[in-house]
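Structures incoming, each one as structure tokens.
There are two complexes below, and they share chain A, which is joined by chain B in the first and by chain C in the second.
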Partner chain A sequence: MTTVRASISARIALMDKQIVDRDRLPIGRVDDAELQLPDDGGPPYITALRIGAQALGERLGGSVGGTMAAAAARLRTDPSPAGLDVSLVEHLEPMVAVRARLADLPQIAPLERWLAQRIQRAPGAGDAPQ
Partner chain B sequence: MRLSEVMKATVIDRSGRSLGPVRDIRLATNTYEVIGVVVGAGPFARAAHAWGYAEGRAEGPWLLKMLTRRAVRQARFAASGQVADWGPEEIRLNVELAELTPLMEALRR
Partner chain C sequence: MSRVFAFTLGTLSAIGGFIDIGDLVADAQVGARFGLRLGWVTLVSVVGISCFAEMAGRIAVKTQRPAFELARSRLGARFGLFGLVGSLAVTALLVMAELSGIALALQLATDIHYLLWVPLAALLVLIVFWTLPFEAMERIYGLLGLTMLVFVLAVWALEPDWSTLLRSAATPSPTGPESWATYLFFVVALIGAQMTPYEMFFFSTGAVESRWRPKDLAELRVNVLVGFPLGGLLALAIQAVAFIVFFQAGVQVEHISQTALPVAVGLGKVGLIVAIVGIFAATFGATLETLFATGYDVAQYFGWSYGKVQEPARAARFTAVTVGLLLAATALALTTLDPITVTIVAVVFSASLLPFLFLPVLLVANDRDVMGELANGPLANVLGTAVIAITILISLAAFPLLVLTRGGIA
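This part shows the complex of A and B:
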């Protein structure tokens, strides 16, 4: 059983932490997490990390949060916020690292992907210095 | 249930007394299981927990440390076994406030 000293603070070590993929490319921040309550009455555990404006808007609440979440939800085909299964998480410190590559996570950052595809097609995009 | 919902919940002890909002959630590093919640009330409690004074992660500046000192002393840890109902709006404990461990003492264990 984990002692309190060996445990981590969700507020400090998880929420709003940068998430990087297997190649250390930033893929977002932890905007929220999904908790599951087991049927046997045990303590809840995290099943997924929620990422993106929809999750952040729902977390903030109020008119600003509601507007943010609604606008982000309209840009998605899936009604629930983008999520990462917690089994993909490799470690949490110093940042949240996942075992998968961003290219293999189609549910993450769809707007950024869409924009990147358009920018790649723009005249002169191939001449940009690396 | 969302983590942020639990973070906003109010903690109620066995006798129905409100102990204040959840200030933090402690997680097991290997299973991501919630091992307990931190509860605290009073002036500067939010700052004490958000800036790490309650956990002993922050030591200064001196003025902030003094202002948050009372909130740090009053912070309590409720283990998952002491939680009867996980909310989401209220977390009900099966113990009284006096039976909860001070956070600083729990962090030394």
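This part shows the complex of A and C:
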């Protein structure tokens, strides 16, 4: 795993930013981040970005956040929020860009895929309107 | 040719956004009760929405990202969520009202009760949403919406006493029997009906989807400076014809057929037919705009893929949200809830949300780190700040006035 060391505010430079894959397709937003405290007592570092309404709801907390997280969790089969390993991050500006392709990240947006399969069966859905 | 296409983006935003069900209702009511004494409000709205649509469009051409996407990065998740939930509630009500507006236009044309037309109108919206490309859509409804200009013709055809019109427009106070509270309530309602934030979201996302770049900025400004004043002119014409025909007779406007009636008085059957086509196009365009704006807001807040450029299956959650909202709005319309009342409540809600939705746009447009040489100049900053100050006052006054005047009845 690569370590990115930078003295920037994670809250300003990272949180809530749009994430795109290597084809610039939107993946989601940085809804939360997983931190790890090193054993030697150094500063915490980010190991993964969390994506999705469940992660966002857990971060916001309170009744609104709790409801959002609970509703989002029911739409997922995996009990924990979707995560994206920080080693995949290419750069942070102006959007968080990821080296992988969205199609190769099965843990992200399973609802989108499930809906897309069903929508594709509807008449006219396959016609690209451009 | 692309210039003509690009031009219609502005016209659609103007006709479908500026003149939607809110205006058709509020302008006619205001005209019948106050004449042109609230005409100045329309000028304020035109300046306000032009200013913020231009900023949102400028942000879009510079960053290739629409306004609401930046709102969350700028304001944080919590505050952004507040704006999202608020604008969702307002646009959901508006979709219901616009959809009823399509059905009411069909009722005017056929004499068949509008509730029977609601499901059919919803189906028509769904088909257009599902199959028609973004640009074809805006072109058709933008051009059809131009038939609304018949309201401007009707002002002349009714041969009004121009000095009475001018005197009315120059008197910013309530007419004899009306109270100041009612007058101010209609100031809020008109601002809410005319300065609708979904126009701004639709405009900025449209600019992203049409892949506008900084070189298209001049065109974008022409759109704003032609489109929104044109919408304002139509709004004033609706107020004026309602004033001329209803004010002396003391008629209150309670139905959308009364919005079209002065055109029939002035221009006869042909005028009425053109007006009905215009009302149909304006409410149809506005239904699509409100639907899209809601889908965009949700998708951009959560960072999903969105858009009309992609086929429905490529933006599955966006499609699901939009179609779900259309179904919910259809169900709401079929509860026989009065669309006029829903419209008035929706525009007042909308007016109270304006500062929360305008502020992030001003902040981003003024940020030189993001915008570089396209950042706000002094004019945009002064106008933008003034408009936000006005909307804060409107926002504070909206609900007290709604309760105090019982929705303008008292």
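Methods note: the second predicted complex is superposed on the first by the 122 of 130 C-alpha atoms of A that agree within 3 Å, B and C clash if a C-alpha of one lies under 4 Å from a C-alpha of the other, contacts with A are read in each partner's own complex, and residues count from 1 in each chain.
Definition applied: a contact is a pair of C-beta atoms (placed from the backbone, for glycine too) under 8 Å apart; a residue touches a chain by one contact, two chains touch by 3 or more.
Note that the structure is predicted; figures quoted are calculated from it, not measured.
On the superposed chain A, the positions of chain B and chain C stay apart, so the two partners fit side by side. The superposition places the C-alpha centres of chain B and chain C at an angle of 90 degrees about the C-alpha centre of chain A, rounded in steps of 10.
In the superposed pair of complexes, A:63 makes contact with neither chain B nor chain C.
Shared-chain residue A:77: touches no atom of chain B or chain C. By the document's definition of touching, of the two partners only chain B reaches A:14; chain C does not.
In the superposition on chain A, contact of A:115 is made with chain C only, not with chain B.
In the superposed pair of complexes, A:94 makes contact with chain C only, with no contact to chain B. Nearest C-alpha atoms belonging to chain B and chain C sit 7 Å apart in the superposition, given in whole angstrom. Overlap of the chain B and chain C interfaces on chain A comprises residues 15, 59. Residue ranges on chain C touching chain A, taken from their complex, read 63, 65, 69, 72-73, 76-78, 80-81, 130-134, 301-306, 308-314, 316-317, 319-320, 370. Against chain A, in their complex, chain B makes its touches with residues 1-4, 6-7, 23-36, 49-50, 52, 55, 57, 77, 80-81, 83, 86, 106-109. Those residues of chain A whose C-beta lies close enough to touch chain C in the complex are 15-19, 25-29, 31, 51-53, 56, 59-60, 64, 94-95, 109, 111-113, 115-116, 119-120, 122, 124-130. Against chain B, in their complex, chain A makes its touches with residues 1-15, 32-37, 42-46, 50, 58-59, 86, 89, 92.
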